[in-house]
Each structure stands twice: as structure tokens, then as C-alpha cells.
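Worksheet: one structure, shown below.
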């Protein structure tokens, strides 16, 4: 047994939509510091699962523990304050505000929580730091909606980063990015992982294999297998259920 | 480094206030009277703008906050005979408390339901003023005598019914709320409100208690509107239930839309413009309802950002 | 009069109110259900229907029934045409954006009100009932026309129910309500459905108005109260639920009637409005309806 308790634990976590059980009695553990990828076919319940974790939707039953504390009943904004940040699958920024304002909203959230007076200088420094990490510094005064698509995804990540989360959930972050953008994205996530635990939903297998410490495969609302990239690659059951015969990974 | 616009923003707002003060010597008596009224009503519009413009909450019930200030101050002065300053403070407090209660309930809903709920609460307020006709004299209203509208500050006395004093007090109240709106719009809180209007779900996932922020905006808005109502009662000496009717929930919407929602200068411009349009057209026709109706439709069809919203979009991006 | 008959009278009066209210609320509910448009000018369509009813009834002489029937046919047609024109010129251009259409229909409200004031005047004018039979009850006589209003409204509701559930037009409307885009993909001319529904909603209000003018007079400010009451009915009844609308109209109408007889009408309205606001806050899907998708 590991000496430290995991950062995130779910017990028996279940969510039903009408007759459909999207997440089915999931027991899940994520140790601090890990990059974990969740993979699985469409409709496997990946997005529903992380939405339960970050509080966008409420579970039908089960329990969520973050850093040892039960957060099942907490509203989403309280969970963010405790250090869970979520970036949306469909880019969700403030298109009519400037890039600065988009990131400033995250920075001021963190500064307010820290207490004390928030100065304009602190705010600018926080924004500059987050934008530098995603290489968007020169676009600080642009209207966010006018950024190229790939840059909007990066802005979304910067908004998550600026919260300085302990757990960063990335929901299909590389969707729609070019190959070059994906490469720099992989480097970015590795850098993030030095300070935060990363939970990643991803379809792009090379990205998963390059980044993940461990992989959880979901199918029909429940984990099917879990292991290192090498183990998952070798797992016949996974080949069958998910990768099919075209196992080109 | 980003350009700091604070200097020019503050300069612009102070210049607007300076012009309003200067108008005291420029305007003929009649227009000075009109402008005193317009300034008080534009405080009402600025209060409305805070929720409708910045936070994106379409309320059709703000008449109740204006009327809460009007009746709070008016009744306190009329019956127990409170002096001006306590009456004014009481009026503002009434608006704040009402906004807190109404906001707490109504903000459980969004969009169309929010509009209907606020309209209904306001209608209940209006009916209440009619139901207690023995106290309020309903539509006919109460008239506050000049003795109730005199402030004595030590040796000095301020006669609020006297046109020059009245105009300057109106400018004073306007300036306070005007500068407060400017500060809010540029503060982190203003950014939060705008962001909630743009993408509420994202704000929740950035860790903001959206309901709480909206409630804060409602209470601030209620305080501003009530300050306008209380000032109206004490400056013009009339307290009537027509100010609680749905008409007075729609007018600030019109003023703000015309001047530009979520702009600090829009409410003033919209109120002045509509007041004079009605004033001028009433020389030719009594059809002021038609003017309001046509203006509303033309605005949403062809000019949804209003005057200052358009100016900001096209030319002056730094306008708060 | 003792308590029992008094209550019966209050209930009858309440049912008349319910009958008118149900028709009007149905129009509002259809427009909101299918188009997602809150028509704040709905009360003015009602008022316009009443004022036009007076106008048409004064065009002919002879038996009052002739004027009444003329009004019953022509007034809804004219109101429907006005609604159709406003839908084409304004609402469609706004792409049915919920908030913009609210502002626009407020504008429409003022325009119609002002035109009525200018051309009709500030007076309240009655329309003669088509017949004046009094039904003799053991305790009091009651207007036969009022009973006719209840029956006529019930017939109209049944007809609407039939159209909605048993005809092709109704199917098209329900499909559009359910899912606009899918309906469009199935070749339903959504655009024309919207125009038709908006006109139909206004016509229902006009019919209610023609029925009511022999009881209460036509006046240019008569639209606001029924508008608020219809909002109340639609909310309590749940959107898109015909059964809910009828039940809520009866509930609101009768309780309004009963409370008004025994207490002040202002107090009745205060209580009803407050209760409904609370229903909307704590049970947004209404008392009879199901949660919206």
C-alpha cells in the first residue's frame, strides 16, 4: 500500500440519465503527481465521469473524495476553490472579452481566495505568467473570439493554469489542433505536471502514449482496465473492446 | 506593457460632471427644472444598467426598487415627520433590503422566468401601494410640503425645493452614482459581472459563486434605484403609486438600451434624449406612448448596442 | 343573500373569468410553446379585439346579435392580420431572440395602446349582448349570456384541442415545438408555422375579448390585467399543457372571483401574483406541467 492517500478517489460513483446509466458504480483512484489518461470509445461515459468530479453534474449515488475530504455535495465553484480545474471539451472562453480579461478572471479568483488586497500589479503579473506558459503573451489585448482556434484552446488551458490547480482536468484538449500545435501541447502538459496532477481525456493515442503515466480504459460507464501505457497496449481485452483489430498503437 | 486608460477614463467622467455643473448658469429656468428631474431619473437608469447592462439580467421589475426609495423616504418624512437625511437614508435602506429579498428569490430563475418573476414582484408592490390607499393615497399620491424638504446642517439650511439647490443636489447624487458605476465597471467585480453575462457556466468552473455575484449586483442596483426614488420624493415633493407601475420598469430599460447597455455614459444620454424627445413631440402630439413604442422596436431591430455601445465598438475601445 | 348563494354567485362569476382567461392564456402558451417568444403585447391584442368589437357592432343596426356576430368574425381576423404583420416585420428579423423579442413586444404594446387611445379615445364603451335572457335560479337571476360565454369558451378549447391533436396542422405545430431543426429537416416550413402560430395566438385573445365586451366594457387600458393573469395561468398550468392551462384558468378565475367577492379585488390580485411568483421560483415547470426538456 502506498503511504500517501490518493488525491482523488471515487467510490461507487453512479450517474443515470433516465434509463441510461452513463457512469456505472465507478471506483477510481488517482495518486497526486500523476498524469492519468482516460480513454474509451464514444459514449463510454468519460466526459460524464469528469463532469461528476468537477461538479458540473450531480451523481445519482456514490462518493467523491478530494485530498481525503468528501466533496460529493459541494457545488462546482467550491470544488474549484479546493483546487480542481476543468477545461471544456468544447472551447468555452469569453469571446467578447480580451485575452487579458479571460485570464484575469482566473487570476483574480485565486488572488481573492488567498485573501488580502489584490493589486493591479499582482493581477497583471499573474496573467503574464499564465500567458507566457502557453506562448500567447503577444496577443494579450486581442479579443478572445478573434483568436485562431488552436490559440483559443491554449487560452482555455491558460485559464485553467492561472487557477494554479492541484488537479487539472483536460477534456479532449488536442481536438482540432495541428500536429505542430500538438507537439508543443505535449511539452506544455509535461511542464504542468511538475506542479499539478493531470487527468486527461484524449482520443489521440500518440498523445496518450507520450504523456500518460497510467491509463484507465472506460467502456459502458465503467473502467475496463487500468495500467501503464505498455500494459494497456498489451491488454487483449482492451484491443477487443476499444482498439479493435487496427491496433496501430 | 498594456496601456493604462485610467487617466483618460477618469478625466472624461469628471468632464461630464463639470459640464453638468456649468449647465446651472447656462440653462434657462425651465430646462434647469427638467434636467434636475432627468438627472435623478438617470440615476435610476444607472442602477438598472448595473444588472441589465453589466450582469445581463433582464428585469422588468425595477420600478419596485425606485418606488421603495420613493415611499421609504416619502412616508418617513410625511408621517413621523423625519428630517431629510434620515428619510433619505431610510428610503435607500428599503430599496436595499427589498433587492436582497427579491434577488435571493428571483435569481433562482434565469432568462424569461427571471423577467416574469421580477415583473410579478413589482406588480405586488404596486398593488400594495394601491391597497393601502388610506396611507399612500394611491395614484393621487402624497405631496411633501416645503418644510419637510428643508435640511438644516448646523447654521446653514438647504432648501431642496429651491431650483438652484435642487439642481445642484441632483448633480451631486448623479455624480456619486456615476463615479461609483465607473469604479465598479473597471474593478474586478465589474469584470466578474460582465463575464457572467457572457458565459455563466464557465464562470462557475472558474470557481465563482455566480448566484452570490448576481445577488450583489441586484442589491447594489436596488440601492442606486432607491437612492433615485428617495431623492425624487425629497426634491420634487411628490410620492405616487404610478412610479411603482410597470411603466417605470420599462422606461429605464428603454433609456439604457438607447444610450448603450453596459456603458457608464449610456444611461445619462438615453434618459436625457428620451425625455427631450417626448418633451418636443408632445408639442405636436400627445402620442408619447407611440414614441416610446417605436423607439423600442427600432432600437432592438437596428441599434441593439445603443449609442455608446456603438461608439465603443467602432472607435473608443477604452470606454467603460 | 345568505352565504351559500353568495358563494355560488362568486363561483359563477369566477367561471366566466376563467373562461375568458383560458382562451387568452392558451394563445400566450401556444406562442411561447412553439416559438419560445414571450409576447408582452398579448394583452393589447385582447384590448384591440375588444375595441374592434365595439367598432364593428356599431356598423350595423337591428338586432344586437347581428352586430355581435359580425364582431365575433371580423375582430379576430383583423387582430390576426395585425399580429401577422408584426411577426413578419419585427419578430422574424430578430430571429426570435428571447430577450430582443420581449423588448420588441413591449414596444408593440405601447404602439397599439397609443393607437387605440388616439382613434378610439379614453372612454369605456359597452357592446350590447346578443341576447338578454336571465336564468332564474332559486336565489337570484343570472345572466344567460354569461353562461353562454362559459359554453363558448369550452367549445373553443375543445376545438383547439382537436386541431392540435387530431389534424395535420396540429401535428406540424407540435413537431415544430418539439424540435425546430428536425422539423425543418422534415420539410416543415417552420417560418410559416411561426407566423401562423403568432397570428392564431392573437386571434384567441381577440375571441376572448369579443366574448367579454358585453360584460365589461372596451377600454384602451384593459389589456394589462388579463396579460398578467394569463402569465399566471400559463405558469401554473405548465407550458404547452392544454389540460394544465384549463385547470389553472379555472383555479385562478374562480379563486379570483371568490376572493374578490369576500375581500378586496386588489388584495386578491396581490395574493395571486405573489403565490404565482413563488411557484415560478420554486417549481418552474408549473403545477401541472412536466419539466421542460
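In this document, chain identifiers A, B and C correspond to the written order of the chains, with residue numbering beginning at 1 in each.
Going forward, a contact is a pair of C-beta atoms (placed from the backbone, for glycine too) under 8 Å apart; a residue touches a chain by one contact, two chains touch by 3 or more.
Because the structure is predicted, anything quoted here is derived from the model rather than measured.
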item: Most centrally placed chain - per-chain CA mean versus overall CA mean; value: B
item: Far-end chain from chain C, centres as C-alpha averages; value: A
item: Euclidean distance of C-alpha centroids - chain A vs chain B, Å; value: 43
item: Whole-Å separation of chain centres (CA-atom averages), chain B against chain C; value: 34
item: Mean-CA-position distance for chain C and chain A (Å); value: 51
item: Chain B, residues touching no fewer than two other chains; value: none
item: Multi-chain contact residues (two or more partners), chain C; value: none
item: Chain A contact footprint on chain B (complex, rising order); value: 2, 188, 191-192, 194-195, 198-199, 201-210
item: Touch list for chain C against partner chain B, complex; value: 38, 90, 93-94, 98-100, 102-104, 106-115, 117-118, 224, 228, 231-232, 235, 264, 266-267, 269-270, 273-274, 276-278, 280-282, 284
item: Touching residues on chain B, where the partner in the complex is chain C; value: 58, 60, 105-106, 108-109, 111-113, 115-117, 119-121, 123-124, 127-128, 130-131, 246, 250, 253, 257, 287-290, 292-297, 299-301, 304
item: Complex contact set, residues of chain A against chain B; value: 54, 56, 75-77, 80-81, 85-86, 88, 92-97, 100-101, 104-106, 108-109, 112-113, 118, 123-124, 140-141, 159, 163
